[in-house]
Every structure is written in structure tokens, then in C-alpha cells.
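Labels A, B, C and D are assigned to the chains in the order they are written; within every chain, residues are numbered from 1.
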Amino acid sequence: MSHDFRSDNVAGAAPEVMTALTAASTGFASPYGNDPWTERLNKRLCALFETEVAVFPVATGTAANALALSAVVPPFGAVYCHEEAHIHVDECGAPEFYTGGAKLVTLPGANGKLTPDAVLNALKTAQFGVVHRMQPSALSLTQATEAGTVYRPEEVAALVDVAHDHGMAVHMDGARFANAVARLGCAPADLTWKAGVDVLTLGGTKGGCLAAEAVIFFNPAQAEDFGYGRKRGGHLVSKGRFLSAQLDAWLEDGLWLRLAGHANAMADRLAAGLSALPGATIAYPVEANEVFIRLPETVIVALEAAGFSFYRWDGGLIRLVTSFDTPAWAVDAFVKIAKSA
Amino acid sequence: MSHDFRSDNVAGAAPEVMTALTAASTGFASPYGNDPWTERLNKRLCALFETEVAVFPVATGTAANALALSAVVPPFGAVYCHEEAHIHVDECGAPEFYTGGAKLVTLPGANGKLTPDAVLNALKTAQFGVVHRMQPSALSLTQATEAGTVYRPEEVAALVDVAHDHGMAVHMDGARFANAVARLGCAPADLTWKAGVDVLTLGGTKGGCLAAEAVIFFNPAQAEDFGYGRKRGGHLVSKGRFLSAQLDAWLEDGLWLRLAGHANAMADRLAAGLSALPGATIAYPVEANEVFIRLPETVIVALEAAGFSFYRWDGGLIRLVTSFDTPAWAVDAFVKIAKSA
Amino acid sequence: MSHDFRSDNVAGAAPEVMTALTAASTGFASPYGNDPWTERLNKRLCALFETEVAVFPVATGTAANALALSAVVPPFGAVYCHEEAHIHVDECGAPEFYTGGAKLVTLPGANGKLTPDAVLNALKTAQFGVVHRMQPSALSLTQATEAGTVYRPEEVAALVDVAHDHGMAVHMDGARFANAVARLGCAPADLTWKAGVDVLTLGGTKGGCLAAEAVIFFNPAQAEDFGYGRKRGGHLVSKGRFLSAQLDAWLEDGLWLRLAGHANAMADRLAAGLSALPGATIAYPVEANEVFIRLPETVIVALEAAGFSFYRWDGGLIRLVTSFDTPAWAVDAFVKIAKSA
Amino acid sequence: MSHDFRSDNVAGAAPEVMTALTAASTGFASPYGNDPWTERLNKRLCALFETEVAVFPVATGTAANALALSAVVPPFGAVYCHEEAHIHVDECGAPEFYTGGAKLVTLPGANGKLTPDAVLNALKTAQFGVVHRMQPSALSLTQATEAGTVYRPEEVAALVDVAHDHGMAVHMDGARFANAVARLGCAPADLTWKAGVDVLTLGGTKGGCLAAEAVIFFNPAQAEDFGYGRKRGGHLVSKGRFLSAQLDAWLEDGLWLRLAGHANAMADRLAAGLSALPGATIAYPVEANEVFIRLPETVIVALEAAGFSFYRWDGGLIRLVTSFDTPAWAVDAFVKIAKSA
């Protein structure tokens, strides 16, 4: 009766994705993305985003982020991001590696979110055009954020304005983009290029794929050399159909949003059940599939003793992540144990 | 009645691999390779190679090669390899990228194979210890070679001796290692660490996986920092079970050798059928799953007209690659068209 | 009657250095550091530091710092430094470039100085051995600091202890090491290897050379590959005598300390004269050749109007830097204008 | 009575350069190239090359070459050069380092010179636009060549045509550009931008400076980011006047050509004296300041025994390099010993 709430990557793959992958596994096809599955995926993403996009599937989110940044940031560039951003904290320097040694400039921000003021403030000391300083080149936003919150389209647009005003490109780390879209109910275009985002890394893995992400350029001109960088990084998959088939099935008929919607609902259910506990404090608004909550130590210990897995962030703050495959009974069991502790 | 002989990566995935992958797709597991599938794979590879090995699955052969080289070659190092080696010709500089700018020194060699004399000759001008020169750091052998030939254990050992005598590590690009082992019928250990190989990139993709390779260190001390490099390169797959499950199923009960054996047999069948043709000349011994053959232009044109796909290497030399999934009828149809042309 | 107090690099070269350089300019000598001047410099530095050191002259401080760090920090490493450190703020990412993309982790600290507590605190979240995180690899101290203060030997030792306890090497950016030694009156060994410093970049340029710095390893084993890195970075000067002759003359008979002592004295003179002004506040203890002082805006404007050059740090805070060549009259004239404003 | 003919970098500095440097050593000036010497140098080079140029002084030829290439070659680029080019053989991978891992493609060529046919032939297999292949991005010519020969303006132009026709930039490694110009008697513009060269590294060091080279862009747009790369590489000299003053004095009133002319004349004198010897064969036309000559072993041994220094290239082939400071008596003494051996 226990469950693993450590992350959404403890889940497996959605059955629809597996079925499509199995169907794609027979017969012969051109390698390196010159296959019908990739062609269909490209068309699907152009339709989904309501514009011409350049799409590059890769197998990991770290690769997607680092490669995307390397397309818009020179080696002497600086990338502005939240201090808890995955690209800064969790990728062992992949952005630095792929950009040839760019610098990440980290900014604080409540609820895991950057604000235009914070970015503007940081840019004050940037010294544009001075060769001693690394040059502001990109702003990277995480959607949904590391705190499980989401940027509204107008929030994205306001941040993009600051970035573009200063000649910086805007990257969106969309490892949990599906959760954000499912929550907001808006069009993917509204959260991205219509708000000015230049390049999105759309995460499929956490959302129900096995290992599939897509780097999506809304301005194909910025993607001109991307193919070389992807190959050079070892991220051009030989039997490309196996990446594209995953993403294509995941996106078909809104499956991605249904899966994300379930994960979000499970987070809501957790938050609803736990927030009523004495001594419990929800740390950030629950807007995606993560719940950050402070609980009494006795409760935490009881949950651990019951076999539940989750991360302790610090002191009494724990992180609970739900996924497309988190069962309602596991949420309820978790809440039940917490209540009885 | 046509077929695609361009490469073995035009094939899909072996049913056994797909089945295992599907089985692995349900339920929850620790991410990043801390899962039962990866544990089982590690044990299997230790048993298969009859020694303690350090195993790092990744999704592409280019990543496997470049990361493996980066573990044994400093930025100021030189990697000696055959002039047709995949790492030199086909990876858009991935080895240069991952090593921080090492240099590949290419050597000629009949039938796609390096010889101890060729390596020794090249090392004569290397100037060890001179800071103006890049320092010989690794020898990279391809097994089976780009010419579809295979090194015997004693050939490997003789090359390793030269390398080790000069302080160089030995890397084996085993994208088609299965084909070599299947052909030679020897133990994997005999072709690798018993002959002195330091690190092998064992290719599963071309042999029937979807996208799975394993970097295998026979001296785990050389692998000490590999985990950081793999993460930093974006090659630590989040849901690691999906890489390990492929490789584990592929290696189980000798499947990998049966699949490679079929591919080899299809290459033999092609060679046997075609070599009897007037004007046909087999360019290299057919020892794996590739046939390089010179055919009269009229024959080549007739085969293309019939819908067969393959690469023209130059002039009248074509390359035909078979795979685990190449049907015998396709081979026979190819030969038939060739004969009637 | 005006003067340039912007930096110590607005000065020229000490006459003794020029004389030595001119003497070195005739005749023939082996290139690349295999010359008598370099041999003499090596001996002199071994004697000066009272131990066997490995010495590598280069032409710039940025090169010296970045190359020194690259010798002790892997690409996946993190370098801990003060948030105002030159390596972070003023080198356009040279450390990132030379290390292959390491990350600088910046820490606050009063008076430009790091404290053991600040470093320990930052290391708490470092997660040693976790492949997702860049690994703490070096601590970089600036001596004298960017705030014109100096670390005492026991302060250095306490910081080194923290670093070494965590497996990190210690680099000292000694662009103004001479000013620190001149101020403290201690032995160079006491400030470096006896306190545990692994590698020092000893700055000659700001102290009276034309363009000469020395990377000095106290543990020659760490310098094993340095020669390749220096050459590869384009920092192995062909006519090496011209770097070594500068440094050798600068160090001869204590010239470096006399020159630094003069610069320090001029800073003291400035501070003494200005601190008595109404509305003046010295921002940091004046311990080297820099004065950070807050002055009324009218005073600052009057000084600028009089033709004096200096940097405004922010609001009313200005930085005044003296050098080996700063004349006392210029200091007095500056103070006089300030007083009369 | 012996002499060092190993290289032109065994010489010291021209007296005129030292005098100018000494004159530049007093007083105060803005750092980082914002000084009157640098301004004068820029003007002088614009006049000398009869066009607007962007000039970046650095201290070494290796830095100049690697930085110049990095401005026109992406990480996935290939640089075509002669197999004996300094950038390939003698820079420990500096071009690979600065470009982020580009590949040098080496070509053979008689007398150290590339031909349009050799380049065209190599480009046949380049596969433009194919992501698996590194993309031809620059052609690098050495003037004078490593064999001591020189390209005529029309030879340069013919090579440039091939490069530009294929979208490649043209870099000229002019470590001995002075010797070439002095020999040909043509305008510097004729050998460079009028023949289509994009970027020249003009070597002052071998020609009589202490340590000074200039990267010169004939199309300033290609230099847009160069300042960042130079700083990042640690090659922006703090007291910039000391680089510019060297180059400015060296170029003033044709000094550079008189110095190079003397070196060339000494090479001619050597060649004339030695070629008459029985068993002597000049290997390449003597067109700059290098003599490659095959001599009987007894002669070589006698010269070595007499204390002369020079490099044995292989077997009986030796290289003799003259410089601005090579005395005629040394040449005559060398020839005399050779004759009497």
C-alpha cells in the first residue's frame, strides 16, 4: 500500500505509447529521422503550435535543454535562470558543456518563478559590450517550475519582453510543459511563441514516454546549425522512428494532456488531503503535479515507516510528485497514514 | 520484392526486445539506472565477459564512442584510428567535442583493418613528451570493421601491445561486435580484455535493439568519472530501465548472437550469389554483415531500378548491409535481379 | 596635476624591469623557456618560496588563473570563490573555457574575503558523488582581495582546511600578491604552501612588469600536464626569455616588495588624507593598494572636473588604485582638491 | 664561431623595437588596448593594407592562429590545411581547443604548398549539409610555408576561389608573412585581401619583436565577437601598449621588411654556399628564410661537432633557419665547415 512519490520519472510508460512503439518496431525505414513517424510528428507539432516549427527529438531532457541553449548562446554568453532551475542544479553542467563554457546567472524568485523586475535588476550590472564580462544571451524559464507552479501567458510575455529588449533569446524548459498546459487550459501557442518564446524543450518522458523530448524552434532560422550540434553530442538517434513514434502517440488525440491532467489531479488530491492536517503548510501553490508541503516530523517519519518514498527538501519540507500513473488509492493511503500519525 | 540494404539501422527491433520493453513499461522503479533491469544487465555482462566490468548504457553509438574516448584521452591527446573509422568519418566530431578537442590521427589499412606496423610507423613521429605535439593517448579499433571484416583475438592483442607499450589506452568500437563474435565463435572476453582492450562500446542498436549501447570498462578504475561525463553529455536516461531492459533481453540466452548470426548468414548468401556474376569482384573478405562488391554498372542500375536500396561507395563499388531482420527472399531476389541484368 | 587612479595597470613598467629586458634582447637563446633567464627564474622562485616549485610564466593574469584552475578542476567541477572575484566577474568566462565548462559558485563575504563558515555552508548542499551535481573541486582565494584587503596566513590556513577536508584544491589569485606580502611582512611561503595553498598565480604585471605572471605549483605533481594546457591555450611564449627576464628582474633583491610597498604607502596616504573629510567613509580596511571610499557627490564631481580618473563603484562609492609609479604629489593633489570641494 | 640555425625564434629583439618599448614604458595609459600606441598601430595597418582592417594584437602565433580560426569556424567545422602546417603539427591542438573541437583536414602538397586541385579533390568527399560529417569551413594557408617557399598572389587567389566557392573562409598563417612580402616585393594587400584572404595572422615575433602578433580581419564583420574570444582565451594583454608598441615600431618605415630581407638574404647565402657541395641537394626552393638541404652524413656530423645547431628533419635532410639577427660571418663559417668536411 505504499508508493513512490520521489519524482514523475519513477513511472513507466503509457500503454498507448508502448503500443505505438511496438507497432513501429517492425519493417524497414530510413534512419536518422528520415522516416514516416518523424514526418508525422513534425506535422503534428506544427498543427499543435499553429505555426511552422523546427523539431528535433532527443532522448533526455538534459540533452534537450543544453542543446537548445547552445543554439542561442555563444561561449561567452550568460544564461539567466531561476536559482533552482534544473539546468543549473541538476544537469552536472550540461549547459556549460554544450555552449562551450557559458555562465548561468541565477536569480531568486518566489514560488520558483522569475519576475521581470528580478531580471531587469540583474541586467543592470551586466555591462553589455564590455569584453571582460560574459554577455547576457538567453533567459531560461521552466514551465511548470521546479516549485510546481506555472507561468501564465502574460507572465511569460512580460519576461520575454525584458529578454528581447536586451537582445536575449528565450528558452523554455518544458520538462513538465504538459502539466502547465493541462492546468491552464490555454493553447500551447499562447504559452510559447505567441508570448515570444524562441525555443521550447517539450518533455515527453516525465509525461508518459519512455525517453523522448523534443527541441522545438519557433524561429527555424535559429535552428540552422542544430542538426550538427545534435549529431556531435551523440543525440541523433540512429533508428529515429523510435523517438518520434513515442512522441507522436503521446501527442495524438490529446493523450499528453489527459495524462498530465491525471497527474495534476493527483497532486490536487494530495494537497487537499494533506493541507487540512494540523501543522501542515503548503509551501507553494499547487499548479502542476508537485506538492511541496511542510509536515510535522512525526508525520514524515510515519509516512517513511509506512514505505512511502519522497524527498525531504530541508527540515520539515517534503516534495511529493505525482505522475500519469499515480493511482488514486496511493494518494488516499498516503493521506490516511498522514492523518493517523 | 525490393529491399533496403543501405545499413543495418534500417531494421526495426527484435520481437524479444520489444516484448521485454513492454514488460518493463509498467509499474514504478528508481530512475537513472538504479533499477532492477540495470542491475540484471550489469550481472549479465560481468558473466558474459567473465570479469568485473563497469557498464554504462546510452542511447547511441556516437555517444558511446565519444564518451568512452573522453574517459581515456585528455584534451591534448591523439586517438589513432583507421581512416575509415566511424569516429572519424561519421560522428560530426563527437570525439573531438567530448574529449575537449583531441585529435584523431588516421591510418590506412587493407580491408579496413589496422596493423601493428602501421601504428608503430605513425608513432615514430609522435614526439612523446613534447608540448607542441598532441600526445598519443588511445588506439581505437572497430570490430567488425567498416569494411565488414573482423579482427582475430591475436590481431587485437598484437595491436594492443603496441598501444600499451606506448602508454595508450585501447578502445574498441563494437557497433557490430555481435557480428564479429558470431562469426569467430570465440568468447567475448577473448576479443576484448583478454586481448588487452580497455573499453568497449557494445552496440545493441544495429543488432536488434531500438536504441541501446553499452560502454563497458574492463578496468573499472578508468570509469571513475564516467558517470559525470555521461550526465553532462545528456546521456543519463531518466527512466533507465528502458535502456537496460533492451540490452538485457538482447543478450539473454544468446539472442544477440543468433540475430547477428542471421545477419552474417545473409551477407554470406549475398556474397555467394553475387560473386559468381561475370564482372563481380568482392572487395573485402565477407566476415560480418556487410558485402562490398564491385559490379558492372548495368547490374547496379538494374538493381536500383528494381527498387533495391544500397550505397554506391565509388565507381562500381557498392555496399550491402544485412541485418537481423533481412529476409532470405530479399537476398535471393537481389541476386536474381543481378544475374538477369 | 591630475592622475589616473582607475587601476594599477595604467602604469608602465619599472625601469629595472625594462633594463633587464633590454639586456635580454640581444644574442641567441633556446626558445620556449629553455633559456638561462627561465632557469634563473625557476631557481629564484624555489629560493623565494623555500621549496621546490613548478613555475610556468604566462603573459596575462586571466591566462594564469584559468590555466591554474584547469589543472585542478575537471569539466564537471565547481570552483568556489568570492562573488566579486576577478575570475568570476572580469575574465569573460576564461575559467569556464579552460576547464571545459566548470561552474563558479560565488559566495558573499565582508571586505572581499571568504570565511570558512561561508564555504562550509555552501558545501552543505553540494551533494558529493551525485552525478547530477557539479562536484566541488577547488577553492579560489584572491590575495590581496578585490576589496583591497588581505588574508592573514592563519586565515588562509583555515580556509584551506575546509577545502582540503572536502577534497578540493586551493588556488590563490595573486594578481596583487606582492601588495599582500609587502603589507604583512611575512614570508611568501607562509601565505601559500605553508598555509596549504596548492597553486598560486603570481602577478607581475600590476606590480611593475610589462606583461608577466607566473603560475606556481607547490605540488609539482599537479603540474604534470600543465605544459600541454599552456601550449594549447597559446600561452607558451616562443621567445620565453622575455617573460622570464621580466619576472626575474622584478623579483631580484626584493624589488617587487619595494614597488608594492610604495603602492601600498600611496594608498595609505590617500586614505589618511581623505578619511578626515566630512562625509567621507572608508568602505573596507586599506590593506593593499586600493582605497574604497564613499565621498559626497560634490567632492566626486570636483575631482572628476579636475581631471582625475577613477571608477565609481556605485552611488557615492569610488575606487582608487595606486601603483608602483603613483607619485606622492598626485595623491596630495587629489586630497587637496577633495578638501577644497 | 658556431651559430644556432634551429629557428628564427632563437634570436632576440630588434634594437628599434626595444627602443620603442622602453619609450612606451613610462607614464600612464589606459589599459586593454585603449592607448595611443594601439591607436597608432591600427592606423598604420589600415594604411599598410590599403583598407579598413580590424586589428587584434596577441602575444603568440599559436594564439593568433587559433583565435583567428575560431572566428570563422564552428565547432562542427573542418579546416583544410597542408599536412605540415604549424596549426596541425606544432600547436598541441590549439585550433581544436579554440574552435570547440573542429577538425583539421590535412592535404599533401609539393614544396609545402597547397594547390587548388588538392583542395578540390579533398572537398569531393566532404558531403556538404550532411550532419554526420564535419563541414568544410576554412582553408588555412601558411605564408611563407613550412618548407620556406612562398605563394604568389595569383596562387593565393586561385586557392581562395576554391574555398569561397565552397563557402569556406580563408585564413593565412603569416608567422613569416614579412619574409614572403620581402621576397616577392609586392604590396601586402596583394597577398591578402585583394587575393581574397579573410583573416591574416601577422607574425612579429619571429621577425624581430619580443612577443607580438596581430590578427587582422579584412572583413571587420567577421571580427564582431573576436574581442570576447580573445579575452576569454586570456589573450587580452592588460598593459596593451606593450604589444602595440612592439608591432608599431616593427612596422615603422619598413623596418619589418628590412629585417625580413636580411633573414632572406642570409638564407640565400647559405643555399648558395651549400648547394655547390658534392652530395648536397636543396629540397625546396629557397624563397624565405629557411633552407632545407640534404647533405652527406659526414658533413652534418662535422657541422654538429663544430657547435652549429639545426634540426635534422629525417635522414640526411636538415633545416636551417635564418633570422633578422643572423650574422653573415655565421653563414660563412657554416659553409666553410661544410666544405671542409
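By our rule, a contact is a pair of C-beta atoms (placed from the backbone, for glycine too) under 8 Å apart; a residue touches a chain by one contact, two chains touch by 3 or more.
For each chain, UniProt lists the protein as follows: A, B, C, D = L-threonine aldolase.
Everything numeric here is computed off the predicted structure, so don't read it as measured data.
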Checklist line | Greatest separation from subunit B (L-threonine aldolase) - chain, by CA centre | finding: C
Next item on the list: Could you tell me which of B-D, A-C or A-D has an interface matching B-C, in the sense that over half of the contact pairs are shared by residue number?
Entry: A-D
Note to self: What's the distance between the Cα centroids of subunit A (L-threonine aldolase) and subunit D (L-threonine aldolase), rounded to whole Å?
What the structure shows: 51
Notebook entry, point to check: Which whole number of Å gives the spacing of the CA centres of subunit B (L-threonine aldolase) and subunit D (L-threonine aldolase)?
Noted result: 42
Checklist line | Distance from the mean Cα position of subunit B (L-threonine aldolase) to that of subunit A (L-threonine aldolase), given in whole angstrom | finding: 34
Checklist line | Residues within subunit B (L-threonine aldolase) bordering two or more other chains | finding: 75-76, 91-93, 97, 100-101, 131-132, 228, 231-232, 236
Check: When you draw the chains as points and link the ones that touch, which shape shows up: line, ring, star, complete, or other?
Finding: complete
Notebook entry, point to check: Touching subunit D (L-threonine aldolase) in the complex: which residues of subunit A (L-threonine aldolase)?
Noted result: 32, 74-76, 100-101, 131-132, 135, 225, 227-232, 236
Next item on the list: Over in the complex, which subunit B (L-threonine aldolase) residues touch subunit A (L-threonine aldolase)? Could you list them?
Entry: 3-4, 6-7, 9-13, 15, 18, 21-22, 24-31, 58-64, 66-67, 91-94, 97-98, 205-206, 210-211, 228, 231-239, 241-243, 325
Margin query: Residue numbers of subunit B (L-threonine aldolase) touching subunit D (L-threonine aldolase) in their complex, please.
Written below: 75-76, 89-93, 96-97, 99-104, 131-134
